[in-house]
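Working notes, structure below.
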Amino acid sequence: MLHVFPGDTIRTKTVDSAGLDEHQKPRVLPAGNPQTGPFYIEGAMPGDTLAVHFNKIQPNRDSATQYRDAIDPRALQARETSTRVSDWSHTWTLDRAKGIATPDQPSERLKNFSIKLEPMIGCVSVAPFWKQAISSSDLGPWGGNLDYNQIREGTTVYLPVYQAGALLTVGDGHALQGDGEITGQGLEVSMNVEFTVNVIQGEYLDQPWTEDATYIMVSGVDGSLTTAMQAATSGLAKWLTKRYGLNAAEVATVLANTVRYDIAEVVDPHVHVVAKVRKDSLQPISALK
Amino acid sequence: MLHVFPGDTIRTKTVDSAGLDEHQKPRVLPAGNPQTGPFYIEGAMPGDTLAVHFNKIQPNRDSATQYRDAIDPRALQARETSTRVSDWSHTWTLDRAKGIATPDQPSERLKNFSIKLEPMIGCVSVAPFWKQAISSSDLGPWGGNLDYNQIREGTTVYLPVYQAGALLTVGDGHALQGDGEITGQGLEVSMNVEFTVNVIQGEYLDQPWTEDATYIMVSGVDGSLTTAMQAATSGLAKWLTKRYGLNAAEVATVLANTVRYDIAEVVDPHVHVVAKVRKDSLQPISALK
Amino acid sequence: MLHVFPGDTIRTKTVDSAGLDEHQKPRVLPAGNPQTGPFYIEGAMPGDTLAVHFNKIQPNRDSATQYRDAIDPRALQARETSTRVSDWSHTWTLDRAKGIATPDQPSERLKNFSIKLEPMIGCVSVAPFWKQAISSSDLGPWGGNLDYNQIREGTTVYLPVYQAGALLTVGDGHALQGDGEITGQGLEVSMNVEFTVNVIQGEYLDQPWTEDATYIMVSGVDGSLTTAMQAATSGLAKWLTKRYGLNAAEVATVLANTVRYDIAEVVDPHVHVVAKVRKDSLQPISALK
Amino acid sequence: MLHVFPGDTIRTKTVDSAGLDEHQKPRVLPAGNPQTGPFYIEGAMPGDTLAVHFNKIQPNRDSATQYRDAIDPRALQARETSTRVSDWSHTWTLDRAKGIATPDQPSERLKNFSIKLEPMIGCVSVAPFWKQAISSSDLGPWGGNLDYNQIREGTTVYLPVYQAGALLTVGDGHALQGDGEITGQGLEVSMNVEFTVNVIQGEYLDQPWTEDATYIMVSGVDGSLTTAMQAATSGLAKWLTKRYGLNAAEVATVLANTVRYDIAEVVDPHVHVVAKVRKDSLQPISALK
């Protein structure tokens, strides 16, 4: 276990969700969304908040995979999704210079189809509460398999600390991913990752939240879209109260007119909805000291 | 009932959801999300698709209202939302020249708070199937109280036609609205509206869909977020199949990597989720003739 | 429209959900869950409660049908239900003397399979609020397609009155039906029905509730199982407060230890969950005068 | 860790969910639904099924507690449940001879209120898959905090075995509990428990199921009522196929007309719905050898 200090910047690699590295070699057995870490953050104590700022998230090979070829029946109605066709390859070529992904052996109709790369990290986690040991396929207040396509270069992820040292892990890089991860995978690829860790004392939101240049984004993770959306909205309300001292009526006024939602992921053991608000729309409100 | 022809452009007004016009005078009794119309579209027959293109959606007065002052308990967890504070006004001033809305008597913390206008139409409807008569607070395959903040100037709404003449109505303008309409209202205001109607024969998606310069957006309206998201995704899959002839595996490949979701509205009798895809990402695929 | 008086007992017939009568003759065109009525109840006014006590619910022919042969994909996970087999008949013989139903041309494995008759009425409705006209496939506070297998002989159904005369209709008899109506139908059959109507003034629960010799049962009708269960529980809580004057803590004490739930129906446009409590467990509590 | 053999009968005690034993003394620190065990079942291997038959479930003291005094906001609509009254005791006296529970300091209206004891075990668990360590507040395919009020004396619980020896634990006894455990607790009490364990080879349903003299009951545990009901129904369908060789159409015929659902629990980290069928209704079908 690598010990690092608040303020440290870590350069490391992640394998893909099948455990393959940048040379397509298996590095973990058995494979199953393996993570890099844990990193022990010196001084991080239960009740603190861990901040992980991603400086770089870069695919480190020229090929990605996308395993499933049908939309998950939990995401789509059954009658639309029963066909599962396997007559063409599931590997994609990543042109890292041009920043586009192209299916290797597309069908006739998709022969010109390509997509812009938007590399992201699917998993950022600390050790869960109550000394539980929970699979990296799952997600919760400790982060985990968040699969949120806005966790990119320049994003900071904030997680509650439950164990001394926080025990940070990262992994499950996607070259890009649609909302909801509705087929069960993004374009799965190994990554070069660089991130800076910090520890915030005396500030605590018992769920993950995220920040980039434009948005404050609070993650609601629960058993259904409804309860995940409620958790996200409640979390963003709590964040506004902590930062600006707003009461419930003021929160309602702000969010009614500014909130945006992302459906991050619907195919993992818990569902993930994000409530977000533009930072510039909050600028006229003076923050608490 | 006004009879209009395909290709006609209609200039009209809508009252706000309380039935007040541009002079704040009540025009409908009893008030309850009253609509303008119906318009009988000559030649529109069951099985056709009605296209309503909004050229103008412009507030026609300088004041909007937002009735509720707490987040709806169906949208937020109970413990965050029980406070309902009424110590300040619910009217907003709309500066139409500058394009911003400002609360009339804000609390101290929100004294500098203002928001950019993004005028939208909450209700676009045709007469429902089976000769039902359904309240304009509800929504369904016939459109209705969609409350989707992307139905703005430049947007085209497509609705299935169930009755001869379609019987189009519009109303429930909002000067702006956050995702989900989580307090139950946008900034409610009367509008000057201009729209052009067209009828498409032999094309039929049994749910509303919408198009602007950037996106194709398909509406899923159902009893819960889960089933509404399924309906939206299924509808977008069907749209791709109709337009491009894609099979299920091709649809999965396209949507897994490109789909975005909006949570349009969660406080009306049915929930509304939108699945959307950028038009430029579909451009490499050749449409069916 | 037949006018009847409070206290009157009505003997009538219902056709089955396909519109067939006791001679298997179609009586309604087009078929689609046709109802018997409406009955105008003299003196029933908006704000009153209509009580419909079923004295007799008896199949009036020897054959029932069950149309679908697979479990509805909304009720079951997709991978278990995709097979739809049609190689044997969907008619059942009702032995009314012995009180059992037997499939007419069963598969080898089900050749000895039979089920005890438990005749029920699927639809009991008044005219909805706001002068809406809503399909008899739907359900809501006005009753409608409740499909609750405990609405049998000896049961009283209570409905809010929204229009003068209430405009009662009944129909959609089932010789028997499992919980949830998970294949979309019970054993559909025409019925001889006898019921007594009464009007209760000054008592009003804005949702259907039901009573038999053993239970008080309150219906929650909403867009998902979660919200339907919440509506049923809230309704039963309100009922206890109206009848016994219990406060929230007393309601919680009683229901935590006594409530039972039935999943009445999950395949119609709204979902139906029932919260119920045994009358004998309430007996030690003195009712309000 | 106690090693036991298939066929062994174990007599043991469980503490209550707060960790108090039959003398109201704390036996576990910190308290949090502590369990008795684990028991290592000799010969139980991954892929087997563990059968736990409860011969005795008997409260071993005369006092039970019920902590919360309001219905959980996840179970009831917010506006009905915001009042939380604490002006009377949460302890109950258990008259074990007469078999009734009575609140110790009831309010005036509930002064004669008492309820019949129906002792049950809330938690029956094996070690989860993938060597996870998961809190005993949670539930899943491994059993756990099932909180199903039909797990009583005479009931057999079947669980999939994931680890050598199965690692059985039991706990969380309730003197009685309503459906759904809607206030978050039953009447919590320590128990004398006696159960017999057996291992079934070559039979595997990847979720808990239960059997008593009357019913076969399959547990669906998931993130929402909808998906839990789907999991329960799918599981019961699979059980019928394993035991009787029924195809999908035969399963649909049987379940459409016979299935009953129980809402076991809605307040723990996962929701629990049970699909059940009477054994006598299956008797005419010949089981596979």
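Observations on the structure shown:
Residue numbering begins at 1 within each chain, and the chains themselves are lettered A, B, C and D in the order written.
FYI, a contact is a pair of C-beta atoms (placed from the backbone, for glycine too) under 8 Å apart; a residue touches a chain by one contact, two chains touch by 3 or more.
Treat the numbers as computed from the prediction; the structure is a model and nothing was measured.
Centroid distances from chain A, each centroid being the mean of CA atoms, peak for C.
Chain pairs A-D and B-D differ in how many C-beta pairs are in contact, and the one with more is A-D.
Centroids of chain C and chain D (each the mean of its C-alpha atoms) stand 30 Å apart. Distance between chain centres (mean CA atoms), chain A to chain D: 35 Å. Centre-to-centre, using mean CA coordinates, chain B is 46 Å away from chain D.
Shown for chain A are the residues that touch two or more other chains, namely 77, 79, 81-82, 224, 226.
Chain A makes touch with chain C in their complex at residues 73, 77-79, 81-82, 224, 226. Residues of chain C that touch chain D in their complex: 66, 68-71, 75-77, 79-88, 101, 103, 107, 109-110, 112-115, 176-183, 185-187, 224-226, 229-231, 233-234, 237-238, 244-263, 266, 273, 281, 284-286. Put simply, chain A touches chain D in their complex at residues 32, 74, 130-135, 222-224, 226-227, 269-271.
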